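Both of the next two complexes hold chain A, though its partner changes from chain B to chain C.
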Partner chain A sequence: MKKITVIALATLTLLAGLLLGAKMIQIKGSDTMVNLIQILAEEYMGKNPAIPIAVLGGGSGTGITGLINQICDIANSSREWKPKEIDQAWDKGVTPRSFVVAVDGLSIIVNEKNAVEQLTIAQVGALYRGEVKNWKAVGGASLAVSLYGRQSNSGTYVFMQEHVLGNKNYSTDMKEMNGNAQIVEGVLQDEGAVGYVGVGYLHDEKGRIRKGLKVLKISKEPNGAGYLPTDKAAVDSGAYPIARPLYMATNGKPKGDVARLLSWIVGPEGQAIVEREGFFTIGEGKYKAANDKNFK
Partner chain B sequence: MRNVLRKVTDIVLGLLMLPMVSIMSLMAQTTTPPPQTFSATVYLDYRSFLSNAGPTTLKPASDTTAYLNDQFVFRRAYFTYENKINDDLKFRFRIDADNTANVTGVTLTGSPVSGVTLGKDDKLRPYLKHLYIEYANFLVPKMVLNAGMIETLTFKPAEERWGLRSVAKTLTDGYKDVTKKEIYASSADIGATLKYSFAKRFRVAAGYYNGAHYSHAENDQYKEVELQAQLSPIAGVSIVGYMDYERKLPIAALPAETKPRGLTYKVDAFFERIKNLVVAAEWFTYRNDLYQTDGEKYDVGGWSVFGRYAVKPDKLQLFARYDSYRPNSLDRDLDMSLAIVGFDWAPYHASWKLQPNVWFTNYENGVRYNAGATKNSDIVFNLTFFLSF
Partner chain C sequence: MTPMTRKRRDVREAAIKAFFFTSGILAVLVLLGIFLTLLTTAVPAFREIKIAEFLGHSRWDPTSPEEAEYGLLAMIVSTLMVTAGALLLAVPIGIGVAAYLSDVAHVRTREILKPVIEILAGIPSVVVGFLGIVLFGPALAKLFHTGNGLNALNGSVLLAVMSLPTIISISEDSLNAVPRVYAEASLALGASRWQTLVRVKLPAALSGVIAAVMLGMGRAIGETMTVLMATGNARAFPHGLLDSVRTMTAGIAIELGEVPYYTTHYYALFAIGLVLFVMTFAVNLVADVVLRKYQEREQ
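Let's turn to the complex of A and B:
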């Protein structure tokens, strides 16, 4: 009921903003972040009715291109900008400033019927490179591995490739899905499946891990302790090895409504929502320090 | 009055094409491109002269052919297959079709080969434009290798900023079409380029090609070398310097010891600091030792300024351009100019656009048609249809 009220209020705010001619804040990019940012935007619009916000997905690459071409105010990305993108932005007079707004424990998921409970990061890499084709080779039943991943314009795709696959190519057998939700659906219906999704896509409406899904523990070494991406302490300490910051980038120093929105997101109210939605907060360490510097 | 009515009727007929084009574009909408893509880009004009003579720039190659007036003119169709094999490796295959490069046969003469004659007809024929691999992070990070039938370095920076290839080629690219003076420049050729970004402020590139350019057979043993450097001191301001060099086959009229060569120097400047606005300038000069008047060498060159402003990005932008051409530095009576104004409108989706534009040309009457040195001015209206899916 509360959510419906917030959405209704946000919709009315949006319409009022449009009618009054207020400039809409356009946010575009990471599919991993789209649900989180949409919820943050709705809450923010509920408190600030005069500021309409539109949030679109499409992938990190799409958001970054949007900011470079100046068709959005904020680009969401689940990876850092590539040097080529920074060059392209520079040519067009765009100087991106990236703010870390949340931390995502990238989750390796399998169908709940899969006997495997834990993998090393090297084993995950071998699976996605296509070097391991049967679950038996990593402690499971004799069952063909079925790979689910994202398309190449996804920041998650790039992050996995750089941090888990050792910058090597994905197996050509991998099914390239449009979004995290499609990966989850694929894994639910395929006993041999393995997928990677943002931690925000693991839970049902009651905050439990979705029925039919199993989240694997990941360890750094073959005999090391495995950790879950939902373990905040493990993510914060770096014990969970596949965690990544999530960014919102602006063209130059954020100003006006955009600056106020970003300050709110990285502030106590925004971070409480980040935590509520299953992501991890930025904490008081290096991410906060970098954000503070970028606001100046 | 009758003329005005006729032109209005013609334009209305042109607009009748819109529903067909819009259906095709709606079918083509997609949000996430897959790693392998097949795409097509097509543009054509409905062309109408607003002055009697008809601009020299749009006249058919043969003076005896009728003017291309009050009719649909098919301009270009690109069919492109791209395969992003992985983050670093990309393959592109592009077929192009237009109404000017209808090569039907090649005759080589001499041994070693000293001449090439191309047979042509009036049919629209496809030809190979690109067939290359692009290897990013080649040898070292931020180095890019292209090899095969590749894009040359000559026009690309200006073409990217102009962004309206469907309306007109940029100055150097379209130079031969406008002036009929060959400057041996092309957008594609067989060879390899290496590009490297030292930092966002400084980038360099070098290319090595046949020099015969796409849709032509190699006709000599000489190769073309291109060098390019881009300096961007502040965000949104870039200066690109470029040069190319190629030896030419000597001709009988020159002394035997002569080693003729062709050299191009080119500078582009771009200003993109204001949101939705691009302002650019292009200048080049070309020296070919074979270009002489009474034993005196002359240069070929020109400059161009253009700007475009997106009133509503992906929906509506305005553009304007002015080109100045000097096809012979020893005879300034031959100077020409071309101004283009228009707008680029995507009524429903960015995949199809209407680009009404008007060309104003001023040229030497004797350049193509009649003896004499009087200047002529022409105005032509183009309703350009652009479709990409």
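Let's turn to the complex of A and C:
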């Protein structure tokens, strides 16, 4: 009986919370960012219990569509807004402002049994366009390539297509997974696999690269120096060729609770968590300057 | 009975009648509304896409930076393939279990097993899909040396599991509905219990069994989450059950969340829904006709 009372009370509290949810900050979008933002939100709520925050994934495209349709307060995206999306937003009276909250080294991962250690950007592109179907062609053993990627609502899917595939079509043989975690699971099991995920998905709880996973070094030119996405100096200097900013966008100038949350995330406390979770901080350079401008 | 109470009863009767009539009509109206919405939202897609291309080509890539393509054929074939695979697995097992429950099992065994099987139908599809990722997928990969288990076969196995409760439950009901005298006459003529089951009871219950299979098939065609999680969603035209496939339902689910409203892509997703609706409607219609025939014979 006591148990039932507890459950009933918990349900009531939850319902009340949902009904009073007008004040809740709704965040939606990038699957690459969802874990990071969830952790940031929890820490922030720990300090400011009066402000409930709900974080949902679904992919960058889903978050951007959500902000345009005004069903969320902040849209996470792992890519820039497309001009078409900004037009649609303006048509609906939404004026998006983007803030860079972290930097991601987009990581190309293979199974640890794969002999390949390093690829050029062009080789990764050829793999994903379906032009290279066997690992032998890029220095590995004779084994069929098994492509793992994201779905078209993913910002990472779009970023890869623009910056690695040279705006060409993905191979239709690519398995289209629901999220970063599913790609990692697939690559762990499949010897011929190659996948792309955010740098925050490479580590286990102890901060080491997950067992069974190999992160490839990426170089810009054939025979050029290759770098790992976990190499902070290489990501910061731009030597790692597929690093990218991660964005949070609001409708118009952020106000009130949303503004306080955002400035906490880009401030020292938030950035320390960003670093702890395996992503990179925004630093003092151009991203910070752009953020400062958008806060005003 | 005084005229007063009679009058009151008449009023109550009329009110109850009106209530049921409204509920019935409401269901029909809602269905009609859904169909009309689907139709009117799907049709604009064909201002830019040729119907022949939509149904006959197999490359689907609406967000392509090169050229948007809307060929549904690979997804139609994938859906049919996964469903056919599911039925190949589920029909023999389902009918076998139904026959066991109605003819072989002890009354007490049946009273425990049948509700348990019916509860199976209530397992959320996302749970079944998860089983496909962590259990069936790796097992299939080992069995067929394919490296990964994200393929049509995995989807078929999971959909078979999901459609079994429907098939078993309805088949068992129809086997039980076969008049006792049929079986008694057969046994009296010297037929064995096996012969009685296969040659007398199953043919007598056939229309019910067919209806059960059709309903199971309807369930399999329309299932989304499970196949989305377990089949890998590759857009390539499938060449076998061990290829990764994307079904129509998975295609809609993947793209509807991000598609800009009122674009060709948006309308095209509803057109997929329309194709799917027509397919499931046809299956359910056949099931309904068969079931009705069966009920007529019973009377």
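The criterion applied here is as follows: the second predicted complex is superposed on the first by the 274 of 296 C-alpha atoms of A that agree within 3 Å, B and C clash if a C-alpha of one lies under 4 Å from a C-alpha of the other, contacts with A are read in each partner's own complex, and residues count from 1 in each chain.
Rule of thumb we're sticking to: a residue touches a chain if its C-beta (ideal position, glycine included) is under 8 Å from a C-beta of that chain, and two chains touch if they have at least 3 such contacts.
Only a predicted model underlies this, so the values are computations on that prediction, with no experimental measurement involved.
Q: So, on chain A, is it clash or fit between chain B and chain C?
A: clash
Q: Contact-wise, after the overlay, does A:95 reach chain B, chain C, both or neither (first, second, both, neither)?
A: first
Q: Touch check for A:192: first (chain B), second (chain C), both, or neither?
A: It touches chain C, and chain B stays clear.
Q: For chain A, which side has the bigger count of touched residues, chain B or chain C?
A: The partner with more contacted residues on chain A is C.
Q: So, A:83: does it touch chain B (first), chain C (second), both, or neither?
A: Once the two structures are laid over each other on A, A:83 reaches chain B alone.
Q: Just checking: does A:151 make contact with chain B only, chain C only, both, or neither of them? Give me first, second, both or neither.
A: both
Q: Considering only touches as defined above, state whether A:161 meets chain B (first), chain C (second), both or neither.
A: both
Q: For A:71 in the superposed arrangement: first (chain B), second (chain C), both or neither?
A: In the superposed model, A:71 contacts chain B only, not chain C.
Q: Figure out whether A:59 sits in contact with chain B (first) or chain C (second), or with both, or with neither.
A: A:59 contacts both chain B and chain C.
Q: In the superposed arrangement, does A:173 touch chain B (first), chain C (second), both or neither?
A: second
Q: Once the structures are lined up on chain A, find the stretch of chain C hitting chain B; candidates are 2-10, 38-46, 182-190 or 218-226.
A: The answer is stretch 38-46.
Q: Looking at chain A, which of its residues have contacts with both chain B and chain C?
A: Residues common to the chain A contacts of chain C and of chain B are 58-59, 62, 69, 84, 151-153, 158, 161, 169-170, 176, 178, listed in rising order.
Q: Report the residues of chain C in contact with chain A in the complex, numbered from low to high.
A: Touching chain A from chain C are residues 59, 61-66, 74, 133, 137-138, 141, 147-150, 228-229, 232-237, 244, 246, 254-255, 257-261.
Q: Going by the contact rule at the top, pick out the chain B residues touching chain A in the complex.
A: 31-35, 84, 86-87, 136, 141-142, 197, 200-201, 203, 232, 235-238, 270, 272-276, 313-314
Q: Show me the residue ranges of chain A that touch chain B in the complex, using the header's touch definition.
A: 58-59, 62, 69-71, 83-84, 86-87, 89-95, 151-153, 158, 161, 169-170, 176, 178
Q: Would you tell me which residues of chain A are touching chain C in their complex?
A: Those residues of chain A that touch chain C are 58-59, 61-62, 64-65, 69, 84-85, 88, 144, 146, 151-153, 158, 161-162, 167-178, 182, 185-186, 189-193.
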